[in-house]
């Protein structure tokens, strides 16, 4: 109850009365929630109990009050350290493979098996190629990504970094850390890069 | 649940509904239909499906209306309604061109029943749906494309 | 209708152009066409029959089950759940309360459901029983007893669980359900932090899902949300599932139940 | 064993509208289970609907009809309290017959 504890008691009581749902004094709901997020879950297949523990930035971005601007900056700097640039200096693979990765939302659930290659799930949240009507809107439209943004070195590196670890650019981004969290391989990220930038890719039509 | 009636019917084994009803004296034999049209239901292309229905090359008719959405949110359940404005409509069939078996359902419309049915079909992919109607002994057709989309997160 | 307008407005706003508009209109038409004749009715009929059938080691029916409105009262019970039950000393959702009734009245151990598989055995029985009970709250207003301190505690835990990010994809419930007008692929995502979205969600589960022809309870719905969130698996009727249910139902307080629903 | 059908029938403007929900898996025979084995085809093949003793609709289904099939149609006449009987049989010879009264 960090949010309420800094309020003067009278104001807290007023808010409590208005909401009708406020905490009883002395209850540490944050700690109880952390305990519950362990005790209510069990391991199933590749989905281990370890997944219930939070990384520092996950914890900061879960609070009812968002982190301060300074805290966000610090998370972003830390996450930037995780970005691994392509070993051979090549940023682009095959856009056709990239399209398959963008379409597939599979992988890492307790019904998936270890060692299978994961999808990127891009269409879950983004519009990409215009002929695919089934696209999500949690993230911005990426239609004509390369065409609109160009493909100078800065844009290419920004996009690679964003795919590798979106938290390096926006601490509490909703986008998974595709490279850093081992969701996609380096080769898969190259294919997705080609899907975004290649002039022949349907994304840029 | 009426277990007794169900068991009675079950005892009929592989007999069709009609045979059972005839056997039970519930309907007169002359109402009994021919058995399930195996060749029509197992047809793998439009031409052979139409041939098995005895429809040959049906003519297009604006009096046959197909009521479906243009886009189905899920291919497992695609609502299909067929209305025939043709007098003496006696049969309505629904075919899905790109399904492994084209013919989905066939309805016999006795006198006094409206030439208007609604059901739900499965579609494996975006395809044309055909409504084939037999009226006054002649066959008519209308078709419409239904797009099948992927709805969820695919996880 | 709210949903129809939502997706239409959203598509127009984000994409512009006639194509997106017509997609939204046609999806709305699709939903309207399948709305009549919800196969959930088949599960409700089965549930009613199961409710009245003597079962388990004690060969008893569930007709004396107390869902909070007194033994045997089904009418309106779901509209007031989850709620605190003095006999178990816990806040229980419909499914966890049905577990209590099956155990105490019929002698069927909770483990038969908790350790079971979806769509099989006693979990399948649970689906049908839930379909039966929630049908008898259809059209009623969601009325949680938020004055109860135990229920309030569960609300606070549920709210925090809703924002709890973890796992390889850093997701929480709020990733998908924290803003208005979002969708995954073509699927509208209700904003569960506001009343309207919470009513759309809590008020239409449990539901028949056309994509797999199954009837899903809220326990099943939440389980699959966590699966897609890439967390470990929540135990059936565990504290987190009840806490999230209290959070959703409390946010939807006063809204009208349309249970059982019909979903993609 | 098949579960009961849900049959609703109501008179409107001189017609009786009948809506039927059937409980059936409607397996196509093309689907694979989690172990990769084909699930055998299992679907309703024939259906009849009768008003009192008069046949008002007969139908043949293939495996493309959706799981838990829905059907609606209407016929002339019919009065409140009249009996509607719907019967089906599937490709495994299982069958079911249920009745309802016109509301």
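A, B, C and D label the chains in the order they appear, each numbered from 1.
Here is the rule we use: a contact is a pair of C-beta atoms (placed from the backbone, for glycine too) under 8 Å apart; a residue touches a chain by one contact, two chains touch by 3 or more.
Since we're looking at a predicted model, the values are computed, not measured.
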| item | value |
| --- | --- |
| Innermost chain, where centres are averages of C-alpha coordinates | C |
| Higher-contact pair (C-beta pairs counted), B-C versus B-D | B-D |
| Between subunit B and subunit C, centroid-to-centroid distance (C-alpha), Å | 35 |
| Mean-CA-position distance for subunit D and subunit A (Å) | 47 |
| Chain centre separation (subunit B, subunit D; CA means) in Å | 12 |
| Centroid distance [mean C-alpha coordinates] between subunit D and subunit C, Å | 29 |
| Subunit A, residues touching no fewer than two other chains | 109, 124, 133-134 |
| Multi-partner residues of subunit B (each touching 2 or more other chains) | 1, 71, 76-77, 120, 149-151, 153-155 |
| Subunit C, residues touching no fewer than two other chains | 23, 184-187, 210, 213, 227-228 |
| Which chain pairs touch, all of them | A-B, A-C, B-C, B-D, C-D |
| Of subunit B, residues touching subunit D in the complex | 1-2, 5-6, 9-10, 12-18, 20-21, 26-27, 31, 33, 36-37, 41, 76-78, 96, 99-101, 103-110, 112-114, 116-123 |
| Subunit C contact footprint on subunit A (complex, rising order) | 20-24, 27, 29-30, 32-33, 36-37, 39-44, 47-55, 58-59, 61-64, 108-111, 123-125, 127, 133-138, 141, 167, 174, 176-177, 181-183 |
| Of all residues in subunit C, those that touch subunit D in their complex | 36-37, 39, 41-42, 45-46, 210, 213 |
| Sites on subunit C touched by subunit A in the complex | 10, 14-15, 19, 23, 146-147, 149, 152-153, 155-157, 159-161, 163-172, 175-176, 181-187, 189, 226-228, 230-235, 238-241, 243, 250 |
| Subunit A residues touching subunit B - in the complex, by the definition given at the top | 103-107, 109, 119, 121, 124, 133-134 |
